[in-house]
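Encoded as structure tokens, here's the structure I'll be asking about.
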Amino acid sequence: MEKTKEISGNTYGKFFVVTTWGTSHGPEMGTSIEGCPKGLKISQNDIQIEVDRRKPKDPKISTTRVEKDQVEIKSGIENDITTGETITLTVKNENTRPQDYKNVTNAFRPGHADVAYFIKYGNSEKNTIANETGGGRASGRETVSRVMAGAVAKAILKKENNTEIFGHTIQIGTVKANNFDKNFIEENSLRTADKSAFPAMMEIVENARKNGNSVGAIIGITIKNPPKGLGEPVFDKLDAELSKTLMSIGAVKGIEFGSGFSAATLLGSQNNDQMEIKDENIHFLSNNAGGILGGISTGEDIVIRLAIKPVPSIATPQKTITKDLENTEIQVLGRHDCCLAPRIIPVAEAMCAIVLTDMLLRNL
Amino acid sequence: MEKTKEISGNTYGKFFVVTTWGTSHGPEMGTSIEGCPKGLKISQNDIQIEVDRRKPKDPKISTTRVEKDQVEIKSGIENDITTGETITLTVKNENTRPQDYKNVTNAFRPGHADVAYFIKYGNSEKNTIANETGGGRASGRETVSRVMAGAVAKAILKKENNTEIFGHTIQIGTVKANNFDKNFIEENSLRTADKSAFPAMMEIVENARKNGNSVGAIIGITIKNPPKGLGEPVFDKLDAELSKTLMSIGAVKGIEFGSGFSAATLLGSQNNDQMEIKDENIHFLSNNAGGILGGISTGEDIVIRLAIKPVPSIATPQKTITKDLENTEIQVLGRHDCCLAPRIIPVAEAMCAIVLTDMLLRNL
Amino acid sequence: MEKTKEISGNTYGKFFVVTTWGTSHGPEMGTSIEGCPKGLKISQNDIQIEVDRRKPKDPKISTTRVEKDQVEIKSGIENDITTGETITLTVKNENTRPQDYKNVTNAFRPGHADVAYFIKYGNSEKNTIANETGGGRASGRETVSRVMAGAVAKAILKKENNTEIFGHTIQIGTVKANNFDKNFIEENSLRTADKSAFPAMMEIVENARKNGNSVGAIIGITIKNPPKGLGEPVFDKLDAELSKTLMSIGAVKGIEFGSGFSAATLLGSQNNDQMEIKDENIHFLSNNAGGILGGISTGEDIVIRLAIKPVPSIATPQKTITKDLENTEIQVLGRHDCCLAPRIIPVAEAMCAIVLTDMLLRNL
Amino acid sequence: MEKTKEISGNTYGKFFVVTTWGTSHGPEMGTSIEGCPKGLKISQNDIQIEVDRRKPKDPKISTTRVEKDQVEIKSGIENDITTGETITLTVKNENTRPQDYKNVTNAFRPGHADVAYFIKYGNSEKNTIANETGGGRASGRETVSRVMAGAVAKAILKKENNTEIFGHTIQIGTVKANNFDKNFIEENSLRTADKSAFPAMMEIVENARKNGNSVGAIIGITIKNPPKGLGEPVFDKLDAELSKTLMSIGAVKGIEFGSGFSAATLLGSQNNDQMEIKDENIHFLSNNAGGILGGISTGEDIVIRLAIKPVPSIATPQKTITKDLENTEIQVLGRHDCCLAPRIIPVAEAMCAIVLTDMLLRNL
């Protein structure tokens, strides 16, 4: 018997259990959610809004493929109310235009997963071109399923604790965001919160695009009003679960909480968040912990930063090899994102929402 | 019924299943390993060596508590050969000296998990002092169970693929290691591989200690000869699992693979690892991916860096609050580590070994 | 937050992981299968055949509702070949005719799950009538998802070991089958293998129906050429897993393997299956074990019998209570099965196929 | 790498998670319990009492091996109160007297698991005699771990709902118990509740023993005051979980609930349990359901019967084969139980208690 391609890596969560399915070549992408409490108000439109945020915003940055992504509710929500049973959500695949992938036929794309899949599974799919393996479960297309589940999770967190999760681009190339205007985030194609830094960021992206290149970025995720006390001892700490799920997003290569890597240069007296009572509540004088102590949320803002690598698909010629193990050179043409930061943000928010909801239900 | 403190956060792994148990107040710390193949040669001494590496190396850096930690094999290994059944390993708790914790009685230690546990579980344990909660499963003591399991995992990886996992301190305060002498790592109390940087690193640690303070660090983990093709699609990517387990170690606040956060400033053409065929094998011209592409190991060295926060327990006076929600000031006296990097290294290595072994067995 | 109705009871299997979803009120019923090896040949029609076997065969015995149940493949099978990714299969719900359920509005049906759901979940769904709860996940409609997954499992077992699984009715009322003609099973509406016993069995069923009553039955399941060595030690023994999944089918109230309950009256010397070598193979002189020893398949036929209770929905007046906890009398009218045996057979076969496939993949 | 012998079949439960470990050849047998609520009062003696009930009661029926089985608490219980963390309980192995097993050296015992293990794992353990495989995890010795966990579960159920679980022998050979005197159960070596049937039952057992034979039995398990509403939809129904865990006990070959197999001969009107309101509570006029409807406990007594096969180890000569696949004859001498019913009862009670507790915690 030939090996299965997946050993149950499609599911996340113990109480709010999200399973994604479907490949970009198949007819549908789907997500199943088990454990969603009944009686939650959520409409198709609430989910559609999040799915739409994941779509390309600007042809200067992102692919020009049109993804319609109409969300369909197949089970678990009736009359905009969850029934307490498994929620199944799908979107159809359309407009796949495989010919876009056909111009480079037998060579692996540097920085891309296709060579890793070749190393793992071998040349068993003889009839497919090397870079079509990316059309499977490793494709970024899979993240639409995560965003659908995240929309449900966000609704739970909003209802339970008025929790809000938002991401923004805080660095592209060497340009850092220094100002924070929350309203600006969804108004610009890079999802930065710094209006004054936006032009310089945009210039870097446009230069890269013009030169057949791509750029990396850092994004920040803030979780305001997170439920307190989330996270379980030992392996299932809150920051451990967030790290797993955020690192499971393609292109993420680093993650830090609070002071993160800069903690290396701090003394304990600088890094510790001192406390005092203020209005009868625990008040932290700083938030170097990023809202998580001992793997448990304290109620402070959860502050995360993610390193995003440059999109590997670039038109610049690169040395590579073919499936037949011969040397060659590749130029990856076609419609590709140039900077992933703005499109990863809704996915990262979704993963945070899913983790917090799972932990919230474990905690109840 | 009062709530349990743990909802199955004690177990990691799907095929190589590690469960840790025991608290520092109880009689024993233990680890159970399910899924270890039979016929593996491993002696009590092989495990003891790793457990001994976790012990304090130098009173200038670490606690002076003597931890005997004699490993006992309770099941699953007979005559230095695994039987294929559950392996149970234990160490006894001794020399707990609770009076060391008694000098600060009712106040939370800034930067420490005790306030988070209070937020999560409330004041239900009325007879215990605030900072004794750290004696439970959140205690660093729990990591001895991880190291025991890691020793078994290391033996499997060594046998299967001659895999070697080692960590070293690459930054303390602002002093970075620039040279690499592998042999030096276990010869110095900071586990740095840079002999010339060691004195400056040590000076920072000693200054912090003299001043009743502590310091952060960055450690690097290198996995040489990792099995190829490890990692599952979607959520259980290899870097996702490594991130979860490494972030589940107390004091780790950041993690990055390969170029990590510096990828933000790179172009795709700089960050992509180009390939060529060399001696009939796939050869990568660089390793910005840190050995993992699309969540799957390529066979290149896996390169990880971890941000370690300064030890929160410091003698410097800090503002804090009591369990009765009153303001106070605290000086955490007693025997505490001053820089955690050298002691975290064997724990981080253990977690990497456990993850790779689990993925290896999933892959077989 | 209101409680969810399900805590992950929708999934069975560790390596061949089957999750069912959907309720009879919603738009679709679905099944997801993770872990199915790639390269398996299976067409929509192979699955449709099994789903069709589950449909009512004869209006004298079963409901006259027309269930179209057109199987749709949503992911994981392309060009009649499994891709190795999650397989998603669905059927649409049609022709639900809720008015059939409306004639008894507020009273629990004796022998039916509705009162148990009321006890478990309370009167929270105030706008629904008592016996509509049966329309949820407890409905027999859910078993269509099991049959779809079972069809895939059967194809795997057929390919791997030429395994064949078939059930037949061996007792209705006091009439027992004494002859075995395998070809007759699918030719008669009761799925008995005894042509001579069929008229007497049928008479019992028809009498019950005429009298507004229903009848119980015993069905036998035989698994020919089961893979050898299936079943794991301790809790996940093969007979344990079969028992769980078969008992999870509504109306099953008893299960036995091999000599089963009659073993009580046997001596060890009578019940033990003696062995000899025949044609260089292990040959058992009898099969009182029913093909499973110590929880592991020996390769002998696996022989199972299931006790099926009479359908609880009967037109005979019965004492019962309402949701308002008042005494009343009920006659359950509408289209209902009268003897469940023939329709449970394909479901029971499906569960056996799923268990064996899961164990086979665990064993590989 | 050689195959592991176990793929996570050592664990049962989702919220009250019981893992057993140890083999009869190793130094200790153990059980780990995760998810036990904190604050439960339970002493070493409470657990010891249950473990002692599992010991042989009477040399006429059972093995004369002395099993000391002193329960040791390793974690999770301090000062007779659960701490909320993992509970680890162990007993030492002593008095194994392997020479007892040596008189039959190379032949499989009919009716015993050793041939099944040989079929599954092959002749890899070349230095062991055939019937030593029974000394591993398949040994009845493993059930001491179940009983320890069951004692904790019983304490939870007793505290929460005053639940009581007891088993008794209801048939040996053709002698059935017709009277029920609960007090008599623990007073007689067969654990029957029928004082008048006891002599005839005993005679059957003694005759079998004298003749180098063994006898089967039926045991009944009654659960009084079970918590209401336990059991989850679809696969994790209460009767499904009970069936799995009870069938996972060696020697159990059948299980039925309530009217069980006799339901085949009943009409719906006879088998349905009609209801009325009595003292403002739901009152069932009969209990043919055995306390479980639709997989959910109604609060009525849960009534289970188990078929117990005769002990396969008998002194009567039987045809069998050797590990070298040659025909031979075997007489199994040594100290063996003759009728397993009385010793299985505490194990079956333990499994019921574990299942109900797991379901109770899922339900909370």
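By letter and in written order, the chains are A, B, C and D; residue numbering begins at 1 in each of them.
Going forward, contacts are C-beta pairs under 8 Å (C-beta built on N, C-alpha and C of every residue); 3 or more make two chains touch, one makes a residue touch a chain.
Everything quoted here is computed from the prediction, not taken from an experiment.
Chain centres computed from CA atoms place B at the largest separation from subunit C. Averaging C-alpha coordinates per chain places the centre of subunit A 48 Å away from that of subunit D. Rounded to a whole number, the gap between the C-alpha centres of subunit A and subunit B is 26 angstrom.
As a whole-number value, the distance joining the C-alpha centres of subunit B and subunit D reads 41 Å. Annotation for subunit B: residues touching 2 or more other chains are 5-8, 10-11, 136-137.
Here the chains touching each other pair up as A-B, A-C, B-D, C-D. Against subunit C, in their complex, subunit A makes its touches with residues 1-8, 10-11, 15, 17, 19, 21-23, 25-28, 30, 32, 34-40, 73-76, 78, 83-86, 88, 90, 136-137, 156, 159-160, 361, 364.
Contact residues of subunit C toward subunit D in the complex are 5-12, 14, 20, 108, 110-117, 119-121, 136-138, 142, 171-174, 208, 213-218, 228-229, 231-237, 239-248, 250, 253-277, 280, 282, 285, 288-290, 292-299, 305, 307-314, 316, 318-321, 325-327, 362-363.
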